[in-house]
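The structures considered in this document are given below.
In the two complexes that follow, subunit A is the common piece, with subunit B as its partner first and subunit C second.
Moving on, here comes the complex of A and B:
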């Protein structure tokens, strides 16, 4: 019970308490950005941390979700919430179709194939100007619910926070379920998992589809928060950023996903004081964290705590 | 009744014939051992029977239906499971969770179901835990249930693999060197376990170098040499067969106790 509900409860507490430190709408905006990125990273973590399959194309699904939220209401009059759902279904379908052939690949080969998938999505979003507005992107609508217009960073802070907690809860349930055990098993030994009745190819595909849906929903929320979408959200750098968040926070750790997202979203904002040294300092910080805490921030700190408690 | 029929199996790795014209049948309820010098093709044969290697020639029938080349998870579903010579435990999981993975075929394993935890999930989890714990107890490992499997001693891991394979409810269990690296006490433990499993109606195929164990528990023994069947008979007959003695004396395993 504690093992299952601990992480979502801890994350919910942070979401509830963080605003005590906030002084402006800008802070709420940054908070919302952290929760949105964290949701995408939780999805990536189902694939990478749980099933052990790398993806360098996760932003492709993030981008599809973002553009579904912008394009479908603007061009086809869909309600933004329905557009979010449609984006998630589309991502699930793409992941299901593409995942079948590419998840047969392992390690570096899988990395390059997923990289290609992400780049393909970014390219389509950039080039199909009639649909997507091209490299400059396009505006995304402000959704309304029964006449109440959902906008403003504070509102999106609470919505994205709620969706994140829900996402963590579902991922946590999955992790301890028989399906999640099978994913952990094929991560450790595909051969043994197979001889115990786990359909390895199918299990990987399921993890890929789940991760894609998380990415899509996160992308849609980003579109609503920003009121604007651009193709670089689907691009290579965004994918790398997601992987960095997942690894930095700690692969396989829910709280780590949130911590990783927080580091990569918040620190650059703090570092803007240093102007041209901003990227340099962020790079050095990431290297330092990985050298000093190679298993990621959260797993390293929690094992340190556990050791302290024993002594 | 014949549980498994193997006909004229051949496997080649880049021109090297690992198995060549191997055929035998395993009758239900017996302990069937496969022995032979290192490199004779014993593990390759197990790999063919569990779908990890595809034979280039020949057929495998299980309970009358052909299963040649079927993938591992489908063979597991019809009742063929195994352990591995080079351990394949899930090191980052607890011993208990290792066994719970073995129950995959008995569980409802939908991802959506896992995420949404419909009513009855907690009860199903409790049942799964209890059953896994009983299986651990059966191989004498109830005391390490909550320990990470990667940190367990070698002989313990061997028995953990047996418990995990049993959890899949096999009709035919293939054990690849279950006593390798075990001390005499642990080997005696495995000896008792194999006979108990046989009493429960599990058919066992055993690859093992410990001749005392093999001769003590087996109903039939097949000797494999250089990918070919040298002889298949009762343990006593195999022990006295001059060709077997020659094959073994010519190898590093002359001191195996045969």
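Moving on, here comes the complex of A and C:
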């Protein structure tokens, strides 16, 4: 029970307590960015950590979610929250349609195919200027709910934090459900899982669709927080950032996903003080963490703790 | 017809560069199992290194040599400082490390070179030659000849020399190679050095046509990855064919369809190929051991 409720409770506690350290709206904004990225990474972790399938194109879903939140209200008058739901449905539909042939691929072939999928999304968002505003992006509306205008970093901090905790609870539930156990089994060995009666193709598809929906919802929230969307959000670098967050924090770990997102969101903010050396230092840092803690920050720390306790 | 020739020549030129980058990519993959996303940075170092050495007054051939040496040093450092310490890590961690390394190399280039676009003069001038109605830069022939020379050199090295055979043995089965006395660490280091050198040469050859800048590496590494997978991961011939095919696809898509969707056409073809042949065009069918 503790193992099941521990991570969501710990994450909720951090979300509640972190504002004690905040001094400005800027800090709330960074906090909201961490929760939004963490939500996408937790989705990606269902695919990578649980089912063991790589995706180098996950930002594609993030981008679809972000643009759904911007395009549908601006061009078709949809309520922003309905647009968020529509984006999630669209992502689920895309993932469901392309998932089966793509997930048949393995290893590097799967990596390239997902990478291509993400790039296709980014290209459409960049080139269909009439719909998306092209490379410069377009403004996203501030949603309102019964007269209450939802805007400001502080508001979005609490909303994204709440959605993150819900996302963690759902992912946690998925993991211990029969579908989640099947995913864990096919992660270890597809052949063995198949022999035991797991529908391997269908299980992978479920993980892909779930992770796509997480990415989409996170993207929509980012659009509302920023009030603006650009095609970069769907691009290759964003996808790589998600994968790095997942691996950096620790694949398969909920707290790790949040920690990975926190590291990669907060550190570049700090590094902007170093202007020209920003890329250089970020690269050195990523290499150092991965070389020293290849299993990720959180699993490395928890195994260290476990060892301490034994002694 | 003139149009067709025009697209073919530009497709082959770009494709030749993709092929060279993919060849270097495959070399490192075979020797170490690492998917090297810093491969494009070697191309950047080749081009930028030559531009800046030439600007400092070094004669062009010597500047090119210096740039290749610079890239080779970068390759050796990448292997020694980032890849070797993480030998035991999984493939995704290694990919992330090479992406980190690419960030470092790009960051250094941005500080020590600059952020501008640079051009080199064509080796045989910049006046285009007309062939069947198509205008072709003389540099195109340098690119094609260079690619051909490097590819034959690699083929000779892989099939005729002891070191090349050691490399192939390491690729086939690392443990078995070690058992017959091959120093696989040395082989890996060599692969990084040669691969960086090939990348740098590609960068020098193409800079007179496409210009260079500190930021060109990411896209090239991506294209090399796509080309390698299209041809069949780990197969050098597949990498070259995949690279040329990718270049041609892009050129025809840009010419006949729309230039903003040229990359999309290449990706759609890639996905279709993978759906039909999950191991690429020349990939050996992989069998999962149980």
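Convention: the second predicted complex is superposed on the first by the 311 of 311 C-alpha atoms of A that agree within 3 Å, B and C clash if a C-alpha of one lies under 4 Å from a C-alpha of the other, contacts with A are read in each partner's own complex, and residues count from 1 in each chain.
What we mean here is this: contacts are C-beta pairs under 8 Å (C-beta built on N, C-alpha and C of every residue); 3 or more make two chains touch, one makes a residue touch a chain.
The structure displayed is predicted, hence computed values, not measured ones.
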For this session: Check the residue A:120 against both partner chains and state whether it touches subunit B (first), subunit C (second), both, or neither.
Result: second
Exercise. Touching A:243 in the superposition: subunit B (first), subunit C (second), both, neither?
Worked result: second
Seminar exercise, completed: subunit A contact check, subunit B vs subunit C, more residues touched by chain C
For this session: Check whether A:206 is in contact with subunit B, with subunit C, with both or with neither, and answer first, second, both or neither.
Result: first
For this session: Determine, under the contact definition given at the top, whether A:192 touches first (subunit B), second (subunit C), both, or neither.
Result: both
Exercise. Counting only touches as set out at the top, which of subunit B and subunit C does A:178 meet: first, second, both, neither?
Worked result: first
Exercise. When the two structures are overlaid on chain A, which partner does A:151 contact: first (subunit B), second (subunit C), both, or neither?
Worked result: neither
Problem set entry | Contact residues common to both interfaces of subunit A (with subunit B and with subunit C) | 189, 191-192
Exercise. Where on subunit C is subunit A touching in the complex?
Worked result: 35, 81-82, 85-86, 88-93, 95-97, 99-108, 110-111, 218, 222, 225-226, 229, 233, 260-261, 263-264, 267-268, 270-271, 274-275, 278-280, 286, 288, 290
Problem set entry | Touch list for subunit A against partner subunit B, complex | 170-171, 173-174, 176-182, 184-185, 187-189, 191-200, 206-207, 210
For this session: Write out the stretch or stretches of subunit B touching subunit A in their complex.
Result: 50-52, 71-73, 75-77, 81-82, 84, 88-93, 97, 100-105, 107-111, 113-117, 121, 125, 128, 164-165, 167-168
Exercise. Of all residues in subunit A, which touch subunit C in the complex?
Worked result: 48, 54, 101-102, 104-109, 111-113, 115-117, 119-120, 123-124, 126-127, 189-192, 236-237, 240, 243-244, 247-248, 251, 276-287, 290-291, 294
